[in-house]
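A, B and C are the chain letters, set down in written order, and residue numbers restart from 1 in every chain.
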Amino acid sequence: MSGIFLSLRQLSVTYGRGSSGAAALDDIDLDIVAGERLAIIGESGSGKSTLARAIAGLLPEGATVRGEILWPGLGHPTRAGRDFGFVFQDPGSSLNPVLTIGEQIAEGARRHLGLSWKQAYVRAEELLERVRIPQPDKAMRAFPHQLSGGQRQRVAIAAAIAARPALLIADEATSALDVVVQAEIVRLLDGLVREDGMTLLFITHDIALASGFVDRIAVFRNARLVEAGSVRSVLSAPKSDYTAALIASHRDLATPPLIVEVTS
Amino acid sequence: MSWLRRLLRTPEGAAGFVILLVLLSAGLLAPVISPGDPLKIAGRALLAPFTDPAFPLGTDRLGRDVLAGLLYGARTSLAVGMAAAFAAMVLGLCVGLAAGFAGGLIDEALMRVVDAFQIVPAFLLALAFVSTIGVSTPVVVLAIALGTWADPARLTRAEVLAIREQDYVASARVIGMHPAEIAFREILPNALPPVLALSATIVAGAILTEAALSFLGLGNPNIATWGSMIAEGRSVLRSASYLSVIPGASLAVTVLGVHLFSEGLGKALGDDGVRAA
Amino acid sequence: MRRAIILLRRRAISSIPVLLIVVIFTFFLLESASGDAVDAYLGSIGGGDAALRQSLRESYGLDQSMFARLWLYLSSLARFDLGWSVAFGRPVGALIAERLPNTLLLMGSATALSFGLGSALGILAGARPGSLRDRLLSIGSLIVYAIPSFWLGLVLSIVFSVKLRWFPIAGVETIASGKTGFARALDIADHLVLPVGALALIYLALFLRVMRSGMAEAWKLDFVLFARAKGLSRSRIVLRHVARNALLPLVTMLGLQSAAMLGGSVVIESIFAIPGFGRLAQEAVNGRDAPLLMGIVVTSAVLVISVNFLVDLVYAALDPRIGASEGGA
C-alpha cells in the first residue's frame, strides 16, 4: 500500500539559455511515498515552487529540465488533473472571472471522469459541500469576485480534486490568506487528503504551519535539497545549520522582542 | 539614439522606418525629380505607365504627370497627416491634463465636450467643417484634428487620474511643490508615453481622412493630393485603372509604414519602460 | 435585467448635455459659412434679385438673429422635428428616414461580417501566439488595415464588377425591377456584396488584431495556468478560457468603431451610388443645406449613442463583474 509514488532523480532545472542560465533546482534526489503528506519548506529563491511546477509539468518556456521524474505509483505518463491536482498561491487570479464557480469545478470532472455536464455539475456541488462553502447550490451559479479570498481558495481546491487525482500539490496555497483563514485551509486540506487517501505535497515558507499537520519535511535552500526526514526528527535534531536557523527564527508570542527599548 | 538602434533591430521598426524614409525623401525631393507645378499639363493624355521614359508612371486624363502627382501628393499626405495629428495630440493633452488635474465640475464639463466630439463620426465632422469654412490646407488640418483630439484627451485624463494617486505625487505635494509645477514636472512626463503610443494611429487616420476628403472633392484644389488623383481616375476606371490604383497603393503603403514604425517603436520603447520600472 | 435599466437611465441622462453640445457646436459651425442654402439655391437657378432672396430668407426663417434661430431649432428638436431641407424641398426627418435603412443594412452587415470573421481569425491567430499561422495572420491584417476603404471599394468594383462582371457596379437594387420578397432580398444582397466587403474587410483586420492581442495577453493570466493544471483539453482552454476573456476588449472596440464606420459609409456609398444616409451627407454638403446637415449630425450622434449603449449592455452581460457594486448580482 505504501510504495513510492513519485521519485525525483538528479532533477535540475535552469532558466535561460546555456551557461548564463540561473539554476532554480540543482541535482535533487527525493522520493515521495504514496499517501504521505510531505512539506517542502524554503524561503524565496529556494526552488520550492520550481519543484512543484516541474513535477506538474507547468514550467514556463525556456526552462531546461535535466534528470528524471519517475512515477512508479502510476505506471503510465502523468496526466494533469487526473493524476495530480494543483492549487496555486493567489486564489484571486486562479479562477476565471467570467465563468461560474460551478463550471470551473465541473469542467475537470467532465474532462477526466467521462461524466456528462449534468453529472459533472452534481459532483461539483458535492465538492463545494465537502470544502464547506455555505449554500453550495447558490454558489454553483456565483462568480469568483463574489467570494472572499478564503472561499475562493476552497473553490480552487475543489476544482483541483474534482477528477479524483492521487496527488495534490499545494504551492503556497495559504501564503496569500489571512492567518485565521490559513489554519482553516490547512485543516481542510488535511481532512480531504486523509478521506481520499491522496498524497499531499505542501509547499510553504512557514515551517511552523506545515509542521502542525504533515508527516515529513524536506528543506530547500538555494536550489538544493538541504535535508529531508520525518517532522519529529527534523525539528528535534536538524542535521543542517540552516534548518536549525529556520526553526530558531520562527517567531511567536513567546519569543523575546528583537529590539530592546532604551529607557532614558 | 539607442532607441533608434533598438527600433531598427525589430523587423517592423526597420520596415516602417525604411518606408517612411523613402516617402519623406520622395516628398522632399519632389521639386528635384519632377520640377514645376505637378498640376500642369505635361504631355499627352492617358499615357500608360512604363511606356514613355519621360513619364515613367504615365499621364492622366488631362495629360498631367502621374509621377509628379505622386511625389507632391506624398508631401501633402505626410504634411497634413502629421500636422493634424500634432494638433490633435496637443489639444487632447491640454484638455486631458486640465480635466484630470482640476477634477470636479471642470472635469465633468470638459468630459461632456470630449464625449460630444467622440460621438460625432470624425469624418462627418471634418466634412461639415471643411464644407462650411473652406478648403484651404490649414482648415483641412483643423477639421481632421477636431475629429480626432477626443481619444488622446480621454487617454491623458485617465493617465493623469491614475498618476495623481501615486505616492511620488503625494510626496511632491507634501514638500510644497506648486500645483502647476507638479502637473508639468511629475505628472505630464509619466502620462506622455501611452498617449504618444496613440500618435501613430492618429497620423495614419489623419492621412486616410485627408485622402477621403480630397477624394470627395473637399480638399485644397490647388495642390496635388492622392485622394483627388484617385477621384480623377474614377471616370476612366475601365480603361485606365492605373490612375486610381497607383495613388491608392501609395496611400496603403504609407499607412502601412506608419503602423509598422509605431509597432517597432512600441517594442523598442517597451523594453525601455520595463527596465526603468 | 435590473442592471440594464439602471444603465439605460444613467446613459439617457448623461447623453442629453452631450447632444446639446453637439447641436450647439454644429449650429455655430454652420452659421459661420459664408452664404447659406438660399444662396446655393439661387445660384442653382441662375441668380435672383434681392427681393427674391429676402422673401426666401423670410420664409425659411433665415433672416432672424442667430440665437433666435438656435432656440427655434432646439425647441423643434425637442418635438423630434428636424426642420426643412432647402435643397430637397422636403422635411429633413422624412429624408433621413428614407435613406437610413440602406445605411443601417450596409453597416449592420459589415459589422456582423467583420466581427464574426475577424474574431474567428483572431482566435486562430491567438491560439498559438508566435506560430507561423499567427505571424501570417498578423502581417496580413496589418497590410489590410492600411488600405483606404474607399480605394478598396474602387479596386473591388474594378475587379469584380468591371473585369469579372460578377456583381453590379452601383446602386442598392435593380431599379424598377418589380421584384418582391425573397427575389428582391437576393437582388439587394447582390448589390451590397461589394460595398459591404469594402467596408467590412478593413474592420475585419482591426478586430482580428484586437482579438489576437487580447488573447496573447490572456494567455499570461494565472487562471489559464490553473486550467492547464486541471488538464483541460486545448480547445476548451483556447475557447472557453482565453478567447472568452479576450472577447471583452473586442466588444469595447466594437463600440468605439461604430462612429468611424458610420463616417466610412459616406465614401463607400458615394463610390457605389447607394442612396443611403452617408450619401445624403455628401449631398447636403454640396447643396449647402444647413438644416439637412444639422439633422444628419444630430442623427449620427443619436445613432452612435444608441450603439454604444447596446454594446455596453452586451459587455455587462459578458462580464459579471460589471454593475456588481450597485445592488448585487
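Simple rule for what comes next: contacts are C-beta pairs under 8 Å (C-beta built on N, C-alpha and C of every residue); 3 or more make two chains touch, one makes a residue touch a chain.
Given the structure is predicted, the values throughout are model-derived calculations rather than measurements.
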By that same contact rule, can you tell me which chains touch chain B and chain C alike?
none
Maximum centroid distance from chain C, chain identifier (CA atoms)
A
Chain B and chain C have mean C-alpha positions lying a whole-number Å distance apart equal to 22
What is the distance in Å between the mean C-alpha positions of chain A and chain B?
54
By the touch definition above, chain C meets two or more other chains at residues none
For chain C, which residues count as touching chain A in their complex?
221-223, 225-233, 236, 240-241, 244-245, 248, 318-321, 324, 329
In their complex, what parts of chain B are in touch with chain C?
112-113, 115-116, 118-125, 127-129, 131-133, 204, 208, 211-212, 215-216, 218, 230, 234, 237-238, 241, 244-245, 248, 251-256, 259-260, 263
Which part of chain A faces chain C closely enough to touch in the complex?
56, 58, 79-82, 85-86, 88, 90, 93-99, 107-108, 111-112, 142-143, 145-146, 156, 159-160, 162-163
Going by the contact rule at the top, pick out the chain C residues touching chain B in the complex.
14, 17-19, 21-22, 25-26, 29-30, 32-33, 142-143, 145-148, 150-151, 154-155, 157-158, 162, 259-260, 262-264, 266-267, 270-271, 281-282, 285, 288, 293, 296-297, 300-301, 304-305, 308
